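Chain naming follows the written order as A, B, C and D, and within any one chain the residues start at number 1.
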Amino acid sequence: MTDYTADEMMTVAAARALTDGSVCFVGIGLPSTAANLARRTHAPDLVLVYESGTIGSKPATLPLSIGDGVLADSADSLVSVPEIFNYWLQPGRVDVGFLGAAQLDRFGNINTTVIGDDYRDPKVRLPGAGGAPEIAASCREVFMIVRQSPRAFVERVDFVTSLGFGTGKGDRERLGLKGRGPQLVITDLGVLRPDPDTCELTLTQLHPGVDLATAKAKTGWDLRVSPDLVTTERPTDQELAALRDLTA
Amino acid sequence: MTDYTADEMMTVAAARALTDGSVCFVGIGLPSTAANLARRTHAPDLVLVYESGTIGSKPATLPLSIGDGVLADSADSLVSVPEIFNYWLQPGRVDVGFLGAAQLDRFGNINTTVIGDDYRDPKVRLPGAGGAPEIAASCREVFMIVRQSPRAFVERVDFVTSLGFGTGKGDRERLGLKGRGPQLVITDLGVLRPDPDTCELTLTQLHPGVDLATAKAKTGWDLRVSPDLVTTERPTDQELAALRDLTA
Amino acid sequence: MATIAPLAQAVSQVVHDGDTVAFEGFTHLIPFAAGHEVIRQGRRDLTLVRMTPDVIYDQLIGAGCARKLVFSWGGNPGVGSLHRFRDAVQNGWPTPLELEEHSHAGMANRYVAAASGLPFAVLRGYMGTDLPKQTANIAPITCPFTGEVLTAVPALRLDSAVIHAQRADRKGNVQLWGITGVQKEAVLAATRSLVTVEEIVDELEPRPGAVVLPSWVVDYVAEVPNGAHPSYAHDYSTRDNDYYQRWDEISKDRESFRTWLEGVA
Amino acid sequence: MATIAPLAQAVSQVVHDGDTVAFEGFTHLIPFAAGHEVIRQGRRDLTLVRMTPDVIYDQLIGAGCARKLVFSWGGNPGVGSLHRFRDAVQNGWPTPLELEEHSHAGMANRYVAAASGLPFAVLRGYMGTDLPKQTANIAPITCPFTGEVLTAVPALRLDSAVIHAQRADRKGNVQLWGITGVQKEAVLAATRSLVTVEEIVDELEPRPGAVVLPSWVVDYVAEVPNGAHPSYAHDYSTRDNDYYQRWDEISKDRESFRTWLEGVA
């Protein structure tokens, strides 16, 4: 069996989470790599939607940006940016919103705005919201792919750019959000899912060779662990070949 | 000189009112005939916009309906129906809205909804509003082309489908309408313009061979006449040839 | 993913008694064949929705399929009035027809709101007209930033939408071009949708001005060549203007209409 | 009708000191050449508007042209951060930069409202986020029909808009295709507009997916082949990804940026 990196395991695990035939609103970077890997492996009819207005893109090479020509040329339908948000994302037509994050907290809230507690005088100015607040609000469910570290996985995000479960169960419903929120966080160490009772992100899966102590150490909050913790199946040779072909 | 009908005089007079290079939102029927005649005579760069979403149509033959293929094929730009109303009409980009009417009153209010004073039990059910209420509200000015008769030119319309000057001067401003309202009503007998002080439609022009008594008799209100009443120039041979070629 | 099915089956799956349903099209691509199938299937109590109800709506109304019409302009384009529509409104024949009446801008924005998953839309519309007196579905709304008062209309959510298009591929992706009106919005505003097409092809090659509706927002596709007749399908057929003229005669009295109706069934 | 003019003249007519100005584009068709001309002309106190401010905005900010940025995502796409943007926000260099921050959906709808002549737009957005705490330009609005509370954002009226397109004809009609983003809305939202184009042609033959802006809503057209470089123009050029990588190095410190800036002037 082929050797692989932690990032490769993460991307493969993320790709596996996408069901064939479902519709995925794809953020650039790791989510796009995972979604395109899924299309090349078990989910050839996965529908990729990018916020640049491309619906049903089937890129032959991995796009570097959200606005690559290959996304337009291979799309079933190409629409304006206002239309992609208003007609396609907002009404809840999309099954999965697939996002990255600079900071993430135990309730799946996302920060991509500022590090530090003063918005007007930040320690680090991040790129900002992009499409994420409405992707996180409107998709039937949200998957995230984030490398695990105490800096990224924090007790409470410095700034809520995109809402996960807010302060816990019931917040999304109170705000009238239709989507179910973050249902899956795939990291380089394992997979977290919201606890059905509290919505707190809970470790339910460890990738092969990763020990629980590492996962806890790389989490900035007191990580809860599922009693049914399982080990991820390692990437198959076919998955790795497809991924390496894609990112070559 | 060639003989001509009253309808031909009306259409020629209406065409002459359109300035070359201006943008005209065109209703189907008489307005469309006049606008297309203008394009073929003195206003080759008149921009025709139809509510079906065609911008800059240059039809080689007169369209029978607002959605004829010739309007689409010859357009500079073809957009959706929501876009034509929201991006093109509503912001006041259009110079002239060119409308017909079933009923018109002394303040230029238009009725195309019902004849009779009970909306729920009308004497005659007319087609309804179509695009006219917002054309009348949003274009910089409105031209109308209507055959004159006491049934059509009434003291007060049974139903205000599209606003002219309401009950008189100041009503449009109070409602926040940006367009200047009906500035020209071209009929088979002459031309009416709003009085600058009262906004009441006033006869300013008679077509050749029409006498004032006829114009008054064919008006359902006590028609005011401008002290500077002039006679319309009769259609030129070139105008008639172009019109007959268009409607052949 | 859309199911490709024969017309009768597709119509029976998509259009149900009591539905709020739109057969959309702006002169171009009117889904006449699907409308006639609805008449054959004897649908009742429909709330018919359309910006420009024309001859197919006159036929549906005359056949007794409708209890209400939501619209902005009802006529026989280029010809005149709709006699069955008038007979229903003025005389309640064959059944009374409730009306909800808007402007084109209002209707277009109601579709946009529904397609956008919003409960309402805002426009500069209806100001100074008598239209707001006749329906609760036109209301003032104040801009929270400038204080300006504008007009709100509620989203026009449909149970079902039926449109005609030039083409679909075998996966059910739909392509239409020429004047495309509010057809995209109608499909996106509906719980169930049916698209009749001139032809089903292997590949939808890109066309200037084409709207493509991906298969996953369409429920049924039925191949019905000339399914827009007497309307037209840009680059496939031309408008049968004589039919519209003849309809004026046929529809003028109830007897000649009844004879026509027997011919449909 | 649009005036066809050389770039320097067109920029000086369209972009003035103190303007609220957008140079729009969604990765594709970014009007870099026009942005560099604005730097050369020494414009000051601009409120820069864009959904995705990227390298050209980093350059304008570093050159001291801007006092405020209205945006939803600021980064070097595919590479990382914008260092001049960060330096301005974190250290006020070369001048402080005020921020007004939105989501993409909010910005897109603000453009739509302005293009539509409305004072505000309504969306399902920003709910539960910290964004509304940082600007007065996000407010709740209640549906007059259902009572549901949604979010309103004000129209994004521009003094000037600059975009790049593939083609114009000699009358100044503009044609762009591929990913067209919010470019139509930006032009329609602006009092003055400039479109740089790859080429001016006799006739705009129809293209699949093309947006055509008629000449009468465009003020200036300037022929600037490769005017989107290092961005790309679909069917004319490809994205110069190396430039974006190099920019990361150049922009990291003030000295190397100054050297770059001298090269522009």
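By definition in this document, contacts are C-beta pairs under 8 Å (C-beta built on N, C-alpha and C of every residue); 3 or more make two chains touch, one makes a residue touch a chain.
Keep in mind the model is a prediction, meaning the values are calculated, not measured.
By the document's definition of touch, common neighbours of chain A and chain B comprise C, D.
Both chain A and chain C are touched by D. A count of C-beta contacts for the chain pairs B-C and B-D puts B-C on top.
Computed centre separation for the pair chain B/chain D is 40 angstrom, with centres defined by C-alpha atoms. For this pair, chain A with chain D, the centres built from the Cα atoms lie 28 Å apart. Each of the following residues of chain D touches two or more other chains: 112, 117-118, 123-124, 148, 184-185, 209, 211.
For chain A, residues touching at least two other chains, in rising order: 86, 90, 138.
Contacting chain pairs in the structure are A-C, A-D, B-C, B-D, C-D.
In the complex of the two chains, the chain C residues touching chain B come out as 26-28, 51-52, 71-75, 77-78, 81-82, 85-86, 89-90, 101-105, 108-109, 111-112, 123-131, 133-134, 148-149, 178-182, 184-185, 209, 211, 232, 234, 238-239, 241. Within the complex formed with chain C, the residues of chain B that make contact are 28, 51-54, 64-69, 71-72, 78, 80-82, 85-86, 89-90, 113, 119, 122, 124-134, 137-138, 159-163, 166, 171-172, 175-177. Here chain B touches chain D in the complex through residues 21, 23, 47, 55-56, 76-77, 86-87, 90-93, 138, going by the rule given at the top. Those residues of chain C that touch chain A in the complex are listed here as 1, 112, 115-118, 173, 184-185, 188, 211-214, 216-217. Taken together, the chain C residues at the contact with chain D in this complex read 117-124, 137, 139-141, 143-146, 148, 150, 152, 154, 206-210.
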